[in-house]
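What follows is a group of structures, each given as structure tokens.
In what follows, chain A forms one complex with chain B and a second complex with chain C.
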Partner chain A sequence: MGAPDRDPSSARLVVGVDIGNSTTEACLAAVAPDGSVTYLGAGLTRTTGVKGTPDNTAGALRVVRDVLARAGRRPDEVHTVLLNEATPVISGLAMETITETIITESTMIGHNPTTPGGQGLAVGTTVSIADLAGQPPGDPVVCVVPAEWDFDDVARVVNAAVARGVAVVAAVLAGDDAVLVTNRLDRPVPVVDEVRAVEKVPLGMLAAVEVAAPGRTIRTLSDSYGLASVFGLDPEQTRAVSPVARALTGNRSAVVVRTPSGDVTDRRIPVGELVLRGAGKELRIDVDAGAEAIMATIARLQPLDDVHGEPGTHVGGMLAQVRDTMADVLHDADGSAQPPAEIAIRDVLAVDTFVPAEVRGGLAGEIALENAVALAAMVRTSRSRMQLVADQVSEQLGAWAEIGGVEGEMAVGGALTTPGVDRPVAVLDLGGGSTDAALLTRDGVCTAVHVAGAGELVTKLIDSELALGDREVAEGVKWHPLAKVESFFHLRHEDGTVQFFDQPFPPQVFARVVVLTPDGPVPVETRHGLDHVRRVRRAAKSRVFVVNAVRALRQVAPGADLRALDFVVLLGGSALDFEIPELIADELAPYGIVCGTGNVLGTQGPRTAVATGLVRAHAAASSCPAG
Partner chain B sequence: MTDAAQRPAVLVHRAPAAPAAVLREVCAGAEEEGVPTDVVDVPARSADAVGLAHAAARDSPLEVGVGVDAAGAVAVHHGKLPADRPATTAGPDAGPQDWRRTGRTAARIVKGLPLG
Partner chain C sequence: MTTATPDRTVSLRELSPAVRGTRPDEVVIAVSPAFAGHFTKTIVEVPHAEVLRQLLAGIEEQGVGARLVRVRDTADLAAIAHIGAKLSGSGISVGILSRGTTMIHQKDLARLSNLELFPQSPLLDPAVFRMIGSNAAQYAKGESPQPVPTRNDQMARPRWQAKAALLHLKEFECIEAGRGPVEVEAVFELTDAG
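Our next item is the complex of A and B:
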């Protein structure tokens, strides 16, 4: 099919189409024979299918028809549709915990029931409440109460025992009854409740129970020497119980049972080594060493050729999983899948993170923050099937369609339409899978780089660090500001301002931390306060996008010197984020860089930069036929 | 009665035939949270649990009330909420855990904690 020349004297209708990972964007313009461009409209829709595959055709056609309709033009008026050559990278994610807390012999209960009873520290031998009636007077006793016991019965049995001279100094309950029981005791004692697996508490052993006053945390059981004093431990034994003390830090109540071989271990899981190849060298780095060491090693091996994980280790499994996922997406031009072994990982972003995990051997659903490392990996591919998409668009629209240019270069062209921007300009495209940078020098030379890690990794970090277990909720936390619902009629925004509502909030959001979506407040299921959620959100964005902005800009900056850059324009979906642009601008300000969010054509914000760049490049080429 | 109504407490309006077991768990739920309750007997021809709860909430110095009707249904209300939109309810056959939950919910509205 040839390019139809309907009327060479008048302007030709051109549509630039940018198929991205999540959105497909279009820019409609009339290009006059002298190359001058009149923009007629822009639009976007969700990308259909995986970027760079024939499934994209449906979304591309939809957005083209949409911008045409809104501009009042017909599809048969279109002269040329220009598609982007996809950024030749695909990315994947993996995460692995590298520590594990295990309690053996049920020796420790460290959790925060919302309402423990009584207060103070008490030490005694564990006795089941069923055996309390037969307990001889004398030694102090810690009473252990199974789930089926009613609070009135517990109080009666304990009071009777105390009246006989049995020193009941504390109690451990399965149910949520601690205050009720304490209120009914003749002599109140510290009571820890909501210990779900109370039947596993070893009986006949020495135990210490500590409940702090409201608003305070325990002081003795969370201190190694406190434990040593309570249980009369020697220095060697004290060393052994120090993980217990650490695990209990910050709790309002705790129980520690001393058994002959009970222990809490804080085990490092051997994750394995990353094997990195690049710049003619091969280096190995233990993932245990942490993100900083991994990133330093990667920096020494630029440009990276490939990354492998030591076979048979966790990291080996992590990278194999990333490769497998990518193999599903990468296809040869004939549509056959690319074997995983042939996929070379060209960049890795490692991020230190933590995962709240239920403690193995815990009795009350105790949670420990385990260290973890998250890896975003990026693969280069030369096998985009965008030409196939162009052919299908051409056929179904009845207009000429072609690949108009490579994404990075086109993005710079589009970014230049932002008011206040001039060459030399660098763009940062903050996408879902990768962060891309491109630099256009004063002389018109363009270089582009891609680094692993972007919006998807931010979502994953938020999801795991807040233990949300729900990607959609994590996305909500990422995209929307937080607030705390303070009554049925008002909430406090994360900046401290209070807003009144004339309709009552539904009971399920009462007193909760919520994200303010356009559809109203959505609760975040977490026991953490607003400040904690906000800190996790901002840290996740900073560790991915600020780190990657600097990494990517260094790679395109002349002499790897950020001071050599003048204008930086932020583009892509994450440039619409309410705080990522300011986080990056803050980081770049000391280098004397003008950094801001793109506003393509002065109206489109950070969207449609590539689509607009395609139209500009086409117009420039058609105005000087020799070039 | 009038003295009791003055102290800060969740008011529980009880219909004459309201089951004692339900009332016990409702009050226990609030007590475990550390919030006092005052039980008020209301005349026989009163409303359902939601109506009782709303009246109790409007009388309560804490603006939170619970209604237990003759069948044993429970409702929790806040004085500023529309009469037909209680904070939570439990049916007559709900069982001790749900009754306890309604008392806890009433206390948590007072304390400004998630109702859960």
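Our next item is the complex of A and C:
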């Protein structure tokens, strides 16, 4: 083992430990009596338990032992362990759908099957295929086919009817048979298939079926005046059917049935009001108004004191749920839980999102993208139990453990070790639960803010917008670039470049959209193409991190003017992301700000800034005992 | 109504020695030595005519072409499917044994690997064969189909193992060693059972 000879025997071994929302990081250094610091190593592990609770001890001990082992030091050599004063910012998330599409009387089928048959627009009366034999020749007919019919039989019956003079102009099928039937018809007609609840299609009604050519979208049924022309509607009725037209936009095929009072409504669900208190005022804002309006209101109430949701509404439930989770985490010093009512929400980030949801009243499992609002809320409490963690760490390691300093200031201290950075410097700590900003002016004055919303919210947005239903997969989509596996030996990256491989890919990734993890490609179970997944991923990151970067920096910038900032250093786990730093840098570039990812100690990247800052602060304090 | 689905029978007319296809929009269906020959039904009595019709329909619905090939010198599903894949212009094949066991294969895969395998022949009904055809065609088009949901029945093995073994033995007897795969044409005939 043996101590390195550079290390004077009088130097004390100090470990800075930063317990964050998702990772616990440590920085090991030898501090000489004159305050000079020799860094010996850094490491990180997953945070155990919720930040600021005694559960953190296990993770803190693990990372300390780990970093000591790698530096070749024994735990009993440690003189002091420094812990961060975790400004206990705890964040919660909630999401609520605010619109709902309802189809009444089965007026519309717009599920966009992948393989409709034939093409063109046809209008006729709906008749079940079972009654086709008895149908008198003459008026145009749209044939409706239940699930148990075989495609050969359908074609035979329709061909027979057409031969008798019945004008079968289109067909609606339950099974996935449209191309098969069309290929067997003597006179091909537009056919829409995979209508699961075909038995609910009203019979004896006028219906229009439209199928566009491959690669195109329908033109008539997705246009209000097109519908009016097809069905001979008056202006009042045209107004009523315009939601139908809107709902069908972008489809390759559609069926619209004209029923006496059928309708498609795009209903706004009453979600309730947010009650915001701050700056001596109280304002109410309807969540329906959308994220932009909510954020504008919050900006008028800085600093925010508390947020409530109107009781008995969705938003009331959302915030109550956030409070309840936090109540479990926050405890008084004596260990008793803090009552939820006493928890003050100090910041909220609202994000507009959409949730793919099955349309109520739909016949074919139509999916509509319903609008939703996601809220990230942040709670601050003075009752951190970090001292308890410090006591336990001290006991287990047999070293002195103390709370070293406020996180924001420490982060700035660590960030200053990045090559090329000077005061005044602002840091943006892009974490899992909150985005923190701190500013150190030329005179050494430090201000710090925390805003709600960070990596966890991005994961949640990706998860719900892509309907993945799996947090792990969403996390993978967030962290890694995408590619499409085109053969067993090559894939196409999201920027279009092709890469060939010597070894074949495993069969389960063949032909799939994958995320390129360090362990190899992992398939993403989605019916969306690569471009769509990429767009959703970038939009989610932009809506959370770019918005929050600007919001947080405005709060610390002198006079809320971003131009007053010179250097911005990005820190935290999300600063390791392959595109978030560039998204933020692009946004900040017009303000003449130097923005980049931190490189703590010139080696550690955006990690361990707080832990390093703790050691630096400790060394500075010990060299001038008065401080 | 007409769903007294008339019984269809199929016979496979041998055309010529099978050659590698050149069209990228084709899927090869490779059948075992005794398929639609010595045997006419799967282990659960699904007529081979219906199996082929549904596989072909699934492929046709996706706008992809299909070619039928009979492999004569082996009764091993992986080998049959892999031979089919190597003959397929798209590199995608569906291999099938007389008892119904089915596999989607790709030419670049190792022989004993596969894209999708449906090992429990007693659980395969016409609807599943349709989905298998549809998925094979989607792979040929370079799309990413969701794998066909495979059912699993713990009792299938004990219940059907003896019959499966007998069927396999019979299939094995139909092997014509040394004879290469042959391209065949499916001739469907309606036999009104009623």
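Just so we're on the same page, the second predicted complex is superposed on the first by the 614 of 627 C-alpha atoms of A that agree within 3 Å, B and C clash if a C-alpha of one lies under 4 Å from a C-alpha of the other, contacts with A are read in each partner's own complex, and residues count from 1 in each chain.
Throughout what follows, a residue touches a chain if its C-beta (ideal position, glycine included) is under 8 Å from a C-beta of that chain, and two chains touch if they have at least 3 such contacts.
Because the structure is a prediction, the values reported are computed rather than measured.
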Partners on chain A (chain B, chain C) - clash or fit: clash
Partner chain in contact with A:531 - chain B first, chain C second, else both or neither: neither
Comparison of chain B and chain C by chain A residues contacted: C
Which of chain B and chain C A:130 touches, first, second, both or neither: second
Chain B versus chain C as contact partner of A:183, first or second or both or neither: both
Partner chain(s) touched by A:472 [first = chain B, second = chain C, both, neither]: neither
Touched partner set for A:149, first chain B, second chain C, both or neither: second
Residues of chain A at both interfaces, chain B in one complex, chain C in the other: 115, 151, 176-180, 183, 486-489, 504, 507, 510-512
Chain B partner contacts - residues on chain A that touch it in the complex: 114-115, 151, 176-180, 183, 486-489, 504, 507-508, 510-512, 523
Of all residues in chain A, those that touch chain C in their complex: 115, 130, 148-151, 153, 156-157, 176-180, 183, 486-489, 504, 507, 510-513, 525, 527
Parts of chain B lying in touch with chain A, wherever the complex brings them together: 28, 31-34, 78, 80-82, 85, 87-88, 105, 108-109, 112-115
Contacting residues of chain C [partner chain A, same complex]: 1-3, 5, 57, 60-63, 106, 108-110, 113-115, 130, 134, 139, 142-146
